[in-house]
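Let me give you the structure first, and then I'll get to my questions.
Order as written gives the chain letters A, B and C; numbering starts at 1 within each chain.
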C-alpha cells in the first residue's frame, strides 16, 4: 500500500513531518494569540479611554487590521520587517540582505490581526460588566490597579472566552497564510509533500484533516472553559 | 514622500481592482446559492441529508481557505473523470478554481449565518401563515425568507467583508488581483510601506462601500422596527 | 473669625461625619444646592425626598463616587483634602479618597455584588486586598457576619443564585466586613419584591440597635419613623426640614413634608 508508505513514519513517509508541522502551526498561533492579547488589551483600553486622540488611534487600528487582507499584512511584516532588519544591519556595518525569521514575522503578523479582533472582544466584555460592580469596588476603597486586577480583569476574561475562542479559530486558519514566508507549518509541509510526491489530492486532504482536528479540539477546549467560567451565572445563562 | 511613486503604484493597483471585484461578486453569488441549498439540507428531516450538510459546514469552516483552494487547483486534475470530462478546459483555469473554492468556502459560513436567521423566525408567525393556507415554497418566499434574511443581515455583512479579504488568496493560484499585484510591486521595488498603504486604502474603500450598501439595505428592511410615522 | 473656624473644626473632628455646604451640578442642572449635615456617633439618619430631590447624589458625594463641586467633608475627624480647579473641587490625593471610602460602608439599591465571586469571596475581598489583613482572620469574621445576617449557608454560592433579599443582606455584610465608621444606604430596599423587604429592614434595624452610625436614603416610612433617631427631608437639592421622627411625623412638620408623606398613604 503506497498510501501507508508516503503517509507513514518510515524513511519515505511524511507522517512525522506532518505531525511536527501541525505542532508548528499550533506554536505560531499560540504566540500570535499572546501578541494579540497584549495588543488587543492596549487597543481596547485606547478605544474605551476618554482621550479623543487615543480613541481615534484605536479605531484606525481595528478598522485597518480587520479590513485589509491577511496576506497583505503578512507581506507588510515580512518584507517590511526584513527591510528594517537589513537597514539596521547596514548601519552596524553588515552588507547584504538580512531576512526577518519567518516564524517571528508570521507570529507577529497573525498577532497584529488577532489583536484587532481581540480588542473588539475585550471592549465588548468590559462594557458587559455591570457598572454597579465597578462602583462597589470604588466604594470599598479599591484603587485603580486593584480594581483592574480583582474586578475588571477576571470578569472581562469570563465574558471574553467565547470571543477569544472565535479569534483563536480565526488565527489558526490565518496561520496557514504564513506558509508564504517559507515557514514549515502544516500548510507549507502539505504543499511540499504534495509537490514532491505528486500526490496533491492526498496531501491536501490529509493536511486539511489535520487542521480539522486542531479546530475541533480547540473548540472543545473553549466550550469547556466557557462552561467553567460561567459557573457563577444562573443556570439559564450557562445553557444559552 | 514620493508622490510620483505612490501615484504610479495606485494606478497599477487600481488596474487589478476589476479582477478583485469579479472574484468577489461571482463567489458571493454562487456561495449564496450554495448556502441556500446547504441550509435547506441542514434543516431537513432526513438524517442523512442533515448530517451531510453538518459535515459540509464543519469541513469548510474548520479548515483554512488556502488548503481548500490548493486542493481544488492542484487536486481536481487527479480525478480521471474530471480530467477527461468536458469541464476540464474550464476547471483548468486558475480564475475558475479560485471562484469555485471561494464559493465553496463562503457557502459553509453563509449557511450557518442563514440558519441563525431562520432560528430567529417566530413560530407563531409561521403558524399564522399556515392558518391562511400558505405552505411550501410560498411560505418560505413570503414569510420565512424575508424575516430570516433581515435577522441574518448583520452577520452576513461581516461575512461579505471577510470575502473581500479572502479574494487575496487567489493570487497564490496565479490570479492577479490587487494583493497579488501588490506583492509583485513589493518584490520589485522593496518599498513595502508605500505599496501596502495604497493596497490597504483600496480594500478599506471597498469595505466601506459594501458596509454602506448593507447598512442601507438593513435600514430599508427594518421599517417595521422604527417608530411609526407621525400623521400630519 | 479664626477662633470661630477653630471651634467649628473642633465639632467636625468630634463628629462621625460632618458635611458642610455641599454643592453639585451636572451641566446646567444644580442637583445639590448647599447641604450640611452633622452625624454623631450612633446616629441613624433617614433621608427622605421624592425622586430628583438629590438625596442619592448627596450620598454618593459623601463617599466620593461623585465629587461635590463645593463644600467640605469630614469623616471621623479627618477632612478630605480638596483643591479648586476651574471653580470645582478635585481631591488632592487619590490615596486619601480610597482610605476614606474604606471607612464608609456603602449599600447600593442594586446590591452590586461582584458576580464572579462567591458570597464569602465578596466579603473578604475588601479586608484582604484593601486593608491587607490576614486571610484566615477575615474568613472567620466574614462567616460570623454571614451568620448575623442569616445567610451563612449561602457562603459558597454565587450572587446570581441568591434571591434579591439575600443578595442585599450579603451586600450589607460585605460593607460591614470593612468595619466602617459610618454606613451609607442608598435606597436599599427599592429594588426588592415587597415580601423580601422585611428581611433586609430587620438586618438594618439590628445594626442600628448596636449603635452603628447610619445614613439611609429610603422610601420606607416605617423605618424612618421607628428606627431612625433623625429624619431629613430633602426637596429640590436643599434640606427642607430636619428633626426627630416624633416632631417630623407630627402636625408640626413642614407643609411640603406633610404633602410628601400624604402621597405615600395614597
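Criterion: a contact is a pair of C-beta atoms (placed from the backbone, for glycine too) under 8 Å apart; a residue touches a chain by one contact, two chains touch by 3 or more.
Keep in mind that this is a model prediction, so the values were computed, not measured.
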When you take the mean of every protein CA atom shown, which chain's own CA mean is nearest to it? A
In terms of CA centroids, furthest away from chain B sits chain C
Computed distance of Cα centres, chain C from chain A, in Å: 47
Cα centre of chain B to Cα centre of chain C, whole Å, reads 57
Please work out the Cα centroid separation of chain A and chain B, and write it as a whole number of Å. 23
Out of chain A, which residues touch more than one other chain, so two or more? none
Residue set of chain B touching chain A in the complex reads 58-59, 62-68, 70-71, 74-75, 77-79, 161, 164-169, 171-172, 179, 182-183, 186-187, 190, 192-193, 196, 199-200, 203-204, 207
Quick one: which bits of chain A touch chain C in the complex? Just the residue numbers, please. 130, 132-133, 135-144, 146, 150-151, 154-155, 158, 231-234, 237
Given the complex with chain A, which residues does chain C contribute to the contact? 63, 65, 94-95, 98-104, 106, 108, 110-118, 125-126, 129-130, 158-161, 171, 174-175, 178
Residue numbers on chain A that touch chain B, as the complex places them: 63-64, 66-72, 75-76, 79-80, 83, 172-177, 179-180, 187, 190-191, 194, 199-201, 204-205, 207-208, 211-212, 215-216
